[in-house]
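One structure coming up, written as structure tokens, with questions to follow.
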Amino acid sequence: MAFDVWSLVVIFEFLAFLVTFPLLVFGWLMGAKGRNAIRDGPFESGQPRMGEARQRYMMQYYPYLIMFVAFDIISMFLFTWGLAFSVLPFTDNLLFIVFLIVLVAPLGYALHLSGRRELW
Amino acid sequence: MPDPIFLVLSAVVVVSAIAALEARELIYGAVGLAFSLIGVAGIFLLLGEEYLAMFQIAVYVGAVVVLIMFTIMLVRRDSGRPAEEEEPGRLGRAGAFVAGLIALAIAAAMYLVIPYSAEMPILSEISLHDLGRTLASGYALALVILGLLIGATAVGALTLAKIEPEEERGGAA
Amino acid sequence: MNGLIAIPTLQELLNYIVGILTSRTFLEMIIFPGFLNIMLGAAFLVWLERKLIARVQLRIGPLYAGMWGILQPVADGVKLLFKEMIFPELADKKVLILGALALMMLAVAPVVPIPFGEGFVIADMNIGLLYVFAVISLFPTVILLIGWGSNSKYSLLGGLRSMFQQVAYEVPMWLSVLGIVMLTGTLNLTEIVKAQQKVWFIVPEVLGFAVFFTAILAELERIPFDLPEAETELVMGWMTELSGVAFMVGFLAMYTKVYVMSALMTALFLGGWSGPSVIPQPVWFLAKTFLVASVMVIIRGTFPRVRVDILLKAAWGRLLLLALANVFVTAGLIWLGLGGIWKV
Amino acid sequence: MEPLSSYLVLSSVLMGIGIYGLVSKRNAIRLLFSVELIVNAANINFAAFARFSNPPIMSGVLIVFYSIAAAAMEAAVGLALILVAFRLNGTIDVRRLNRLKG
């Protein structure tokens, strides 16, 4: 049963937890503690804190993120194709290539949009 | 006697789904959603669908959750407060009641009506080659339509998200 | 079997536990392809990097801890272990600590299906390659969370940059490997290595190799692409507010990732354990892995950093197209009838 | 091994949680979470039915592939809509996004 392999993964992750977590606890226990208003501020190269850290920022690269979602899905489908490539007839392979080429147009659009900084 | 692995996975799925909806900060809700989706991937593994589980993790947790987190970070007021006002009053309780009723009804229906609450047939693994072959032979048209769908939604999302020049001139809305 | 559960004697219990502890799988997890190997490899990489960079820059590098300073990572680790963990008052402590923990757990996870020699593999997965990629795709989530939880501008900007970069280079990385999957028809890493006994995949897939190497440099945030922690701009990027042991764990996780990705590249393109059999297989594998890692270090010593918009544009506009070209080249190879060489 | 009905019960519970979120939450992103949960509940059902029929049905698995792909792209569009709504109104509270009301 294939699940045995995955239980090994879970055990391995658990071992990783067992190795790492005591380290963190040890550091927590052994390290010095104490409060200090200056030291406890966020690091801003020695300057006092200015404004909120979690503010709005530019989203110029948003198109790349959308393209990532699209191509993530595409590449998962392409891996099924790659697995069966040598047993598929020529026409079926062409089909996947068509599937791929359909996605080139949105990619070009995303690159174009991301290049225009005034849009974001 | 239920399978303990199944029970643990179900608990992960359900508890983190509730956490996703009830977490105080939206971004921790996204983490809850991620754990719930990983739990569903575990359920797929239990069903023997390895490729599907990897697909689920890579697409949902790797892409969709990242996109959700990014949007949560963008959708904030300048004061840094999260832009949401939750009101878990009467409506929340009513919602919980309705949802519980629906879930209970469906669960009961499935438990009682489904004719075979049978064991999973012992069978050879679905070969990975078959996946591509079936996809290419039987579902060719659906695949091309899916490609068009992905392309169209990507273009649509981009067109929606960009700031139109006239929108800026129109002033505060 | 008359309704009673046999209570094991102490002897039986002891035997059972010893049996588990000495079973091959457990030893593999703990010692050879498992933890000891990964941790020592990562620590060795830290030393190797400092020493090689020093050579490139005509310095000497670590010298005093042990012979040639080889115990320097240990000394650093012990120092960090006793340092105070400082968390900014506005930061989420839980996110920082659990984020470091999650990074470590994710960084060791891809080693499970990688074969370090014939039989030296923790779990021989049918779907190993996809599993590795699925695990790697979880990193941006954790890094974004750490950047957010730190509540510091440097961390947030570093986390965002890191997220965009890793996300952008993931797709070329996957597609550059598609050629290998087409040639072998399997996702099992052991079988992929076995398919290279005659000719390594670097020969037919040279384009894919180039794309993959560039992509993992970006995934690992190594120098031409280390924008997330460009020290002149963002101090330490998303790691800025990690301190003490949390920093140590995060730092070690990054080097573990370097080690594991070098191993993955060895298995995929450089023939894995194959080589003249006078030297044992795992030694071949480790030698190739450290060769790949050394090349990364030398690149760090010699290349300048690129700009972030150029970096992202290159991923989508150039690297992705090159990876697709590689797929078509491979398809051409198979249609020409040359695929039989690498068939398992 | 688990019988089929366990999987079905799990999926209906997940769907119940999703419906609860859809009814009671006012934050647009939480509504998106609920939709994703409901889609996942459906996916569990598809995969379980595909696996429990004898012989297993390949199309049951493939439809989950398509479903995940469609849900991911739907999330992308939904999040873009939320971004636009936030930019125009300064809030993502769905109760306040009622400017279309006459």
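Going in written order, the chains are labelled A, B, C and D, and every chain counts its residues from 1.
We adopt the following convention: contacts are C-beta pairs under 8 Å (C-beta built on N, C-alpha and C of every residue); 3 or more make two chains touch, one makes a residue touch a chain.
Note that the structure is a prediction, hence the values are computed from the model and not measured.
**Q** Have a look at B-C versus B-D and report the one with more C-beta pairs in contact.
**A** Top pair by contacting C-beta pairs is B-D.
**Q** Identify the chain whose mean C-alpha position lies nearest to the mean of all protein C-alpha atoms shown.
**A** Taking the mean of C-alpha atoms per chain, the most central one is A.
**Q** Could you please state the distance in Å, as a whole number, between where the Cα atoms of chain B are centred and where those of chain D are centred?
**A** Spacing between the chain centres: roughly 5 Å.
**Q** How many angstrom lie between the CA centroids of chain C and chain D, rounded to a whole number?
**A** 33
**Q** Can you check how far apart chain B and chain C are, centre to centre, with Cα atoms defining each centre and the answer in Å?
**A** Taking the average C-alpha coordinate of chain B and of chain C, the gap between them is 28 Å.
**Q** Measuring from the mean C-alpha position of chain A to the mean C-alpha position of chain B, what distance in angstrom results?
**A** 17
**Q** Where in chain B do residues touch at least two different other chains?
**A** 46, 48, 50-51, 54-55, 58-59, 62-64, 66-67, 70, 73-74, 125, 128-131, 135, 146, 150, 153-154, 157-158, 161, 163
**Q** When you check chain D against every other chain, which residues touch at least two of them?
**A** Answer for chain D, listing residues that touch two or more other chains: 65, 68-69, 72-73, 75-76, 80.
**Q** Which chain C residues reach two or more other chains?
**A** 126, 130-131, 137, 148, 156, 160, 167, 170, 185-187
**Q** Let me make sure I understand the interfaces: which chain pairs count as touching?
**A** A-B, A-C, A-D, B-C, B-D
**Q** Would you tell me which residues of chain D are touching chain A in their complex?
**A** By the definition above, chain D touches chain A via 65, 68-69, 72-73, 75-76, 80.
**Q** Looking at the complex, which residues from chain A come into contact with chain D?
**A** Against chain D, chain A makes touches at 66, 69-70, 72-73, 76-77.
**Q** Within their complex, state which residues of chain A touch chain B.
**A** Checking each residue of chain A against chain B gives 1-3, 6-7, 52, 54-56, 59, 62-63, 65-70, 72-74, 76-77, 80-85, 87-88, 92-93, 95-96, 98-100, 102-103, 105-106, 109-110, 113, 118-120.
**Q** For the complex, give me every residue of chain B touching chain C.
**A** 27, 31, 34, 50-51, 54, 57-58, 61-63, 65-66, 69-70, 73, 125, 128-129
**Q** Which residues of chain B touch chain A in their complex?
**A** 5, 45-46, 48, 50-51, 54-55, 58-59, 62-64, 66-67, 70, 73-74, 76, 78-80, 125, 128-133, 135-137, 140, 143-144, 146-148, 150-151, 153-155, 157-158, 161-163, 165
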